[in-house]
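Structures are listed in the sections that come next.
Next come two complexes built around chain A: one with chain B, the other with chain C.
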Partner chain A sequence: MSALPLSQVAGKMGQSGTERAEDIATALQGARVLVVDDNQVNLHLLTAILERGGIGWVEVASDGMQALARLPNFDPDLLLLDLMMPGLDGFEVCRRVRALAAFRHLPVLVQSSLNRAEDRARAFAAGATDYISKPINANELISRVRNHLRNRILVMSLQHYRRRREAELNLARRMQQRLLPRQPQIEAALAKGLVIRSHFAPSSELGGDLWGLFTDRWGRQAIWLIDFSGHGVAAALNTFRLHVLLQQIGAGDHDPAGVLAMVNRRLCSLLPQGQFATMLVGVVDPEAHRFIYATAAATRPLVWSEGDRVPRLGGSAGLPLGLTTRATYENRELGFGRGTSIFLYSDAATEIAVGNGILDEEGFVAMAARLLIETNDDDLLPRLLPELAAVGTLDDDLTALVIRRT
Partner chain B sequence: MDHYTQIQNQETIVSVSGRLTFNDHASLRALIRELCDNETKRQIFELSGLEFVDSAGIGMLLIAREELANRSKELVLRGATGQVKRVFTVAQLGKLITIDD
Partner chain C sequence: MTGADVFEREIGTDATALPIHGCRVMVVDDVEWNRMLIGGMLMAEGFHNLVYAADGFDALKQITEEQPDIVLLDVMMPGLSGFDVCRRVRSDPRIADTPILVQTALNGVDERNMAFEVGADDLICKPLDRAELIARTRIHLENRLLIRDLRHYRQRLEGELDVAREMFRQLQPGSGMLERIVADTGLEVRSQRIEAAELCGDLWGVVPLGPQAAAVYVIDMAGRGLSSVLNACRLHTVLQELIGSDLAPSEFLQAVNQQATEIFDDGAHASMLYGVVDMADRHFTYAGAAASGFLLVSTDGSVVPRASTGPPIGVSAQVRYDAVRMEVPAGTGILLFSNAVLDAVGWPSPDLGFADVVVRAVADVPAAGRFERIATACAALIGEDPADDHTLVWIAAP
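Right after this comes the complex of A and B.
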């Protein structure tokens, strides 16, 4: 039977994320050990012990130069190294092995008749992983070799597992990014006289924020922003659910309060206890110059026109989504003539820790108001985001949208 | 989050202070179990020392309300100020949990 190399067994364990005793036994059969000793009798003895101990593949080298030459092709899982050898001694072999990137973490088990504490210290300083004294006790040797190989298998399988999870999270993040409005949608809004600028930044790989656009059946541009409680994978899964849900309920057939009521009812049966979402849905009524919106505990929208010194704040009280099927929502209005802008954002911006307190809504609105006066709103997001970052670390997902009527 | 519990006049009063966030998940879980198992019907969270609550904190308060309601017990939130009070107001939490000021 030809055994699989140790790295492949570790890779399989990493895929399943499990550590079974029989996998480790299999891995030992596929393990490669390079034994280095200048004494032929020792080489035979050590090889015999290792093979009897279940190590599948043992090769030997009788001096330091030979050992280093064998490394790249044999690619051992463990080096069993004698210290006292003519020419290149074990200390120097150790140092040179550690200087090679591919073998920086290779277990090096040093065997020597040098038994003083200083010799051991020197060996460890040179990069040895462990030390075993001569005369060799077969049981001790095989136990130590197995321990180091087992550690190596576990570390490799964890590394493999982590790489896999990272790749999957990256894929999920790209999928989430694709849920966001694409260029054609932004351009369609522009054709309706709306310039939309956005910032979307999950706090970790994946987040619970999402925003989107749709056109209602009266041809008006609608915009929404949702923030699921918590962040990370669980919150992100909810954003995918919502994306589907909005299509299912035919969001364009309802007014903002109606959309919230329908999303709420669906989320009540979908979300586990203690999870919820805050959301704002708004629609631009170009003829009446109004922004009609409804919120479920979202942050208060900010509105300003060119030349305003202070933004107006819209109301936003409303039950979060997913808590009770009895929740009802109301439509609110803000004047939204030409040259007016609306700023919508998720609550990460108001939860930044500042000293002992937080940059709350008041602090955030004051910051935004100052920037509105200092800049035109084309530059608002590029100016605001670094200022927020300078205040403190965001520990939640941040979405920010500026919608301007031209 | 820090908290201490006292029982008086058949009511349990839990004084909560500091920040109530996702990090307090485990300790709040333990607290909810404790409140579910005690003898009193009315459980009051005294929140005047609470400086900050995030969405996970709100979620845990809702879980507390539901688990207590399952045992025919009442949860009352009392004395919220500042950011905590604003969050309660925006989320209209008073429609779901008794808020006492």
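Right after this comes the complex of A and C.
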């Protein structure tokens, strides 16, 4: 009975995300080693040593061409390679193996009676992983082979784990992307005279930020931005729940403060202890030239009109969502005539570590204000984001929205 | 496709692109000239994070404190030899995986064997050849960085998924909630849940509707993994809104299905059983989507399987579900379950097979002790590492 191939055992380890010693031992038993030597006595000797050392599957090749021909089908986990061979020598085999994409990381253990330092250096330069001198010391050979194989098992299993998780997270990330407004919604807003530009960047695969658009029952464009505490998978779960929630409560039937109150009541029972969210909901009243909004501890909106030297800062108040059902929210207003823009953002932008402190709201607003003057709305986000990145590492999700009334 | 192909693609970035030059390299040698020589070779290659130790004790202390990424270790040193250092490093879990490259003037077989026996990763002979020293150091460091990055990734993901799992767990009724329901309704409500190692979006819930009455649901999401949990979270939000309403079970399931069809991402679907137990007039009214069923366990120990056959939820908004209203005599237990037990029983007849399991479990057991027996039998059936979440819900009017 032959043991499971090393790669399969490593795959199983990657599936469970474990590194148990008994699994590593099992994987070693299924390892395949290709021994290359032009001397039959050596081939027998090396094979015997490897088999005695518990290597499950040893095949031999007696010259370089044969070795290269055996590679794709045998698919070894390690190549034990003699240097001095007629025809293709070990150096050349090594170089050719490394040139094959599939075997670039195959451990190549060179064995040779060439014992000058420059021979060893040449072997390493040709791509050898390791070098062992003849006459072969059985213990040393087995120790080295096992070290390389153990490494391979570990790397393979960890990479299997990573690949699997990445696939899972990619799927989830695409699902989260689909929660964001799609082109028809953005175009519908445009038809109402609103140009919306957005940037949505989770700090890892998934994020706890989300924004969206809806139309209220008076036909006015509403926009919202939420930022759940934490980031990563758990915070992302909450964005999916919120997305459903807003559909459920019929957000369009309520004013911004009313939407926040309803969302808050539900999040109080939905969110586990210790989790919360900040949110802004706003609606554009085109006739009164107002942006009517309510916030639950969200960052303060920035408003500016063409030609302004300094943006205005809207107010923000209210408790974060999900903490207490007694929280109340109030509607606020900002003048929002034609040619005016509003900037909304999640608080990652004001929590970048700078030296011993952080880039706080004041610092961020100053940065945004300078850019507003220097540039037009089209370029604001493309210029602001690299500047933020230059300040420091964002370790939270970042969402930024610019809404301009034409 | 060969295993090596897969391996290659998994590696992604070329190992030679790893930032090995920032790695901390420790040089241990009792001869100052040798330390300088080795340090000089390393620096000439761009390694700039070097630490030195002049004897074995100094080396051990610094390995613990400085956590080097590799140790280039001399063997013949006064006091603690290189071999002793090696042994001690390997027996200290905090530093045991530090790569150790033993450099020695000794070329004898015994010494080489000894080096590997005490746990050295590699040997290099004096006089040191610069190219060989650099090549060996580089290979060990590349490996170490690769494995470290991959382990960090795994650690981060496991952490994130654990939090998500715990959040998802909190969507299901806990023991406190069950006690409250028992107090409010007078019904006996019990549950068992055995989670798979992978995230699965299986969900259940119970809501008191008054004395002797409660609504109960068991949902089995198709598929596995994060996406299935995300969809289950959405479904849970829908249920939270609907469950207080006085929709009859067929209407309830229809409403859930309509919303699910809207919010589920393509292909996602679920089986679901929703029912209202009203022990005041001794009836259970239920509607089911896809392969969902339950068992009625009578006072005499007989067991009747009930299956529902509606289409799965989340596929088409047009689907209609019919409700079944059935009498439930006093002392009868209603046993709802997710598909895991059926998979465990296997073919040819999972429903009847599981019913048999329950019959055997409750034989000669008074009503009050039946759930424990069934749960024990299910646990044995499911095993410790199920491929799917297992949910068992028991409702009875004592």
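What we mean here is this: the second predicted complex is superposed on the first by the 248 of 406 C-alpha atoms of A that agree within 3 Å, B and C clash if a C-alpha of one lies under 4 Å from a C-alpha of the other, contacts with A are read in each partner's own complex, and residues count from 1 in each chain.
Simple rule for what comes next: a contact is a pair of C-beta atoms (placed from the backbone, for glycine too) under 8 Å apart; a residue touches a chain by one contact, two chains touch by 3 or more.
Because the structure is predicted, anything quoted here is derived from the model rather than measured.
Undergrad: Would you sort A:E361 into first (chain B), second (chain C), both or neither based on which partner it touches?
TA: A:E361 contacts chain B only, not chain C.
Undergrad: Who contacts more of chain A, chain B or chain C?
TA: Between chain B and chain C, the winner on chain A residue contacts is C.
Undergrad: Between chain B and chain C, whom does A:R178 touch in the aligned arrangement: first, second, both, or neither?
TA: Second partner only, chain C.
Undergrad: For A:R120 in the superposed arrangement: first (chain B), second (chain C), both or neither?
TA: After superposition on chain A, A:R120 lies in contact with chain C alone.
Undergrad: Which residues form the common part of the chain A surface touched by chain B and by chain C?
TA: Dual-contact residues (chain A): 230.
Undergrad: Can you list the residues on chain A that touch chain C in the complex?
TA: Counting only chain A, the residues touching chain C are 5-8, 16-17, 72, 75, 101-106, 117-118, 120-121, 124-125, 128-131, 137, 139-140, 143-144, 147, 151-152, 154-156, 158-163, 165, 168-169, 171-172, 175, 178, 204, 230, 232-234, 236-237, 240-241, 243-245, 247-249, 266, 269-270, 272.
Undergrad: Flag every residue of chain C that touches chain A in the complex, lowest number first.
TA: Its residues touching chain A are 2-8, 10-12, 14-15, 109, 112-113, 116-117, 121-123, 127, 129, 131-132, 135-136, 139, 143, 146-147, 150-151, 153-154, 156-158, 160-161, 163-164, 166-168, 170, 197, 225-227, 229-230, 233-234, 236-238, 240-241, 259, 262-263, 265.
Undergrad: Okay, in this complex, where on chain A does chain B touch?
TA: The touching residues are 227, 229-230, 273-276, 278, 297, 300, 316-320, 323-324, 327, 347, 351, 356-358, 360-361, 396.
Undergrad: Under the stated contact criterion, what part of chain B meets chain A in this complex?
TA: Residues 22, 51-52, 54-56, 58-60, 62-63, 66, 82-83, 86, 89-92, 95-96 of chain B touch chain A in their complex.
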